[in-house]
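Below are two complexes that have chain A in common, paired first with chain B and then with chain C.
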Partner chain A sequence: MSIAVTTQIICFSILSLVIIIGALGVVLLESIVYSAFLLGGVFMSIAGLYLLLNASFVAAAQVLVYVGAVNVLIIFAIMLVNKKEDLEPIQNINTRRISTITICLTLLSLLIRVDLSNVWKLASPNSSIGEESTTRIGEHLFSDYLLPFEVASVLLLMAMIGAIVLARRDVMNKDISTGLPVDQELIEKASEPLLMKKK
Partner chain B sequence: MNLESIPLQAFLTVSSILFCIGILGLLNSRNAVRVLMSIELMLNAVNINLMAFSSYIDNNLIQGQVFTIFVITVAAAEAAVGLAILLSLYRNRVTVDMESFNLLKW
Partner chain C sequence: MEYGLDIEYSFNELLKSLGFSSEIAHIIWLPLPMLLVLTSAVVGVLVTVWLERKISAAAQQRIGPEYAGALGVLQPIADGLKLLVKEDIIPAKADSILFTAGPILVLIPVILSWLVIPFGQNLLISNVGIGIFLWIALSSIQPIGLLMSGYASNNKYSLLGGLRAAAQSISYEIPLALSVLAIVLMTNSLSTIDIVNQQSSVGILSWNIWRQPVGFIIFWICALAECERLPFDLPEAEEELVAGYQTEYAGMKFALFYLGSYINLILSALLVSILYLGGWGFPIPVEVIAEFLNIPINAPIIQVFTATIGIVMTVLKAYLLVFIAILLRWTTPRVRIDQLLDLGWKFLLPISLANLLLTAGLKLALPQFFGG
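Coming up: the complex of A and B.
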């Protein structure tokens, strides 16, 4: 894939703008639903950046996993916990905000200084494998990265079982010693005074 | 494709800005779902960095892209478990306000 230089620069600028403005929207917007949909837009633009970097496989994985799975999961979680609640005001919230923004800006200036002042040892563009990257990723995954690849599958299985166990409601619907059915609500209510903060 | 047109520093700057926005959201938001979204933003910033380095510095072996695949895998697992924890927290406390999860506060 060879696009003209100007087109590349224009694509890069548009994608970066969408990423940064979308990320700011995710963080700052009042409504959490808008944030979730903007997050999907940010993920799509990041996939576009990957396409600019000649990595079509990772771009496809990004769209499938982030937009197709993680974002949908987040939207489902919002639907499940979306209750209008009046948040108690925190005292000295302004101090907190100012210190957070200061920390972020300081970190940002440090990072950008490193980015711009360091001399990166760029490889020559002639050695680039370009469109062959999917083949090369496959070679990596089944030769020198075989063990991490297999461990990742175990990790995904563990995460799946863990998520089911954590999110399931009727974990103990039978008492272990007597075998009689137990009301789960009672168990949750019994631990409530422990969990709720005493005013 | 010759990548000389866009400098490497542009990609690094975008990812730095994205990472800092993620930290801002992580520290500043009170909704637990938004905190998880900020974590995803930060992971994506790291991914952009890895991809940029992989195609500018290591453009023959592209190990950065393999790393990105693994980061995406771990991020998906993290999101699933994180949201499950959030659901069970919500079931117990009937709120998603980060300020009310203070059982371990000294």
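Coming up: the complex of A and C.
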């Protein structure tokens, strides 16, 4: 066995272990902050798996989008609204847990079934495109995957407009969450710069 | 092999002649360039710290460090040794795991980014195809470390500093990436080697700064903001936040932040010189000099000369930019947090988008100047 193959196997097993343990931690840990940080670790390890598969562009995009944007925003949001509050114990927690476990196990068995029944097309090491993959991804995005690509961008635009509408309460006369009329004077006061010359 | 001198090849041959297999020789070779780059990064930090102390002293009409070595050149080493032997304090109510992991997460992506910094045609650790994109991806990890250390300190100033740092680096990353994208559009490649080679045709006249003046300024502003240097050092604004996310840190953990921010500054300066100032290129192309002296381009003397001039030019350009950054730090006032975010989102972002669009248009209209 050559050194390259050994390194690959070692890396693969470490990354898979980190992904599985990290993902379990994300779900099972009590502290939401730890869960969020572990989620970042899981995303990073998945990027590592992409690197092992010679897909360096996908790996970098995974880090940029999932770790750099999604995970940072999740942590940001948690820290901005990190209120210490005592949550009420949920009733019949055990039945909920059992139903969750059954659903998850069913999904898992379905995935295993798909994995075993499907014949996976394995690219031989000689035919892997490696560094050229960036160009290939671009070609595909602007030819046969053009529609999904554009639809995804429209979706993002919609999300952005929604976020702006939610953030700029002054364009609406009713509060979105409570339905009460919004005090316009207060909002105008809040948006005034602090260090302005008095007229 | 098209080049005359190849250190890796000769090193492997030497080890093979000592009776090692080629794979073992490769494994022994692998850490050497990494160690070299790590060492040069740390030495670069020492030089920058000394420059910072001396230039700030000059800006404030003081003398600055004087007694540690000639002109105080050993002062940064004394600083480093002091931080090394200081007590490592973890506050009692802090979250010790996250508190320790935070500074490490800040430093590692910065050091990893040195992977793609070329000091010459073959003088870099790895010519990965995604090149400059790797740096953009890696620098987006940093805010997690800052948020982590801000949260784990269990201190309101630290938390606010961490949140500010994350907000700042998220907002300035977008114009930064867009101005890099304009360069990539002109080069048709993400690789840093290709980006420099594309600028090397006629020396100083073909540098990207003439074709991307707006992109250059946007990139420089955003790089300073990403490094949290003074016009934009909101996360550690002393008057408001004590020292931001670093408030509770002492000893080596603080040194990691310190090291990270200075390595990041040098890295940004190096990247500006690679993207806009022709990287290792001499203002007059080496080919022209070789032709003038009537020496073939593959002659060992020219190879050594090219490599030397490459390293010297890269470092010289980078330190010129570091000098400008230090001068800016000690002569400009700080912006307010709302001004900072306004500048990022309402000014730099639209301008960098327009710059990208203009570059794409010019590339179609004048392919011979803007990379067809």
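The working rule: the second predicted complex is superposed on the first by the 139 of 199 C-alpha atoms of A that agree within 3 Å, B and C clash if a C-alpha of one lies under 4 Å from a C-alpha of the other, contacts with A are read in each partner's own complex, and residues count from 1 in each chain.
The working rule: a contact is a pair of C-beta atoms (placed from the backbone, for glycine too) under 8 Å apart; a residue touches a chain by one contact, two chains touch by 3 or more.
Just so we're clear, the structure is a prediction, and the values are computed from it rather than from any experiment.
Within the superposed three-chain arrangement, the count of touched residues of chain A is higher for B, of the candidates chain B and chain C.
In the superposed pair of complexes, A:Phe37 makes contact with chain C only, with no contact to chain B.
Contacts of A:Phe57 after superposition on the shared chain: both chain B and chain C are touched. Contacts of A:Met79 after superposition on the shared chain: chain C is touched, whereas chain B is not. Applying the stated contact rule after C-alpha superposition, one finds that A:Ile3 touches each of chain B and chain C. Contacts of A:Leu141 after superposition on the shared chain: chain B is touched, whereas chain C is not. By the touch criterion defined above, A:Ala69 reaches both chain B and chain C. Counting contacts by the rule stated earlier, residues 2-3, 57, 61, 69, 73, 76, 80, 130 of chain A appear in both its interface with chain B and its interface with chain C. Taken together, the chain B residues at the contact with chain A in this complex read 1-6, 8-14, 16-25, 27-31, 33-34, 36-38, 40-41, 44, 47-48, 51-52, 54-63, 65-66, 68-70, 72-81, 83-88, 90-97, 99-100, 102-103. Interface residues of chain C facing chain A in the complex, by the touch rule stated above, are 23, 26-27, 98, 128-130, 133-134, 136-138, 140-141, 143-144, 147-148, 150-151, 159, 162-163, 166-167, 170, 173, 190, 338. Listing the residues of chain A that touch chain C in their complex gives 2-3, 33, 37, 40, 44, 56-57, 60-61, 63-64, 67-69, 71-73, 75-76, 79-80, 130-132, 134, 193. Against chain B, in their complex, chain A makes its touches with residues 1-3, 5, 8-9, 12, 16, 19-20, 23-24, 26-27, 32, 35-36, 39, 42-43, 46, 49-50, 52-55, 57-58, 61-62, 65-66, 69-70, 73-74, 76-78, 80-81, 83, 85, 87-88, 90, 96-97, 100-101, 103-105, 107-108, 111-112, 115-116, 120-123, 125, 127-130, 133, 136-137, 140-141, 145, 148, 152, 155-156, 158-160, 162-164, 166-167, 169, 188, 191-192, 195-197.
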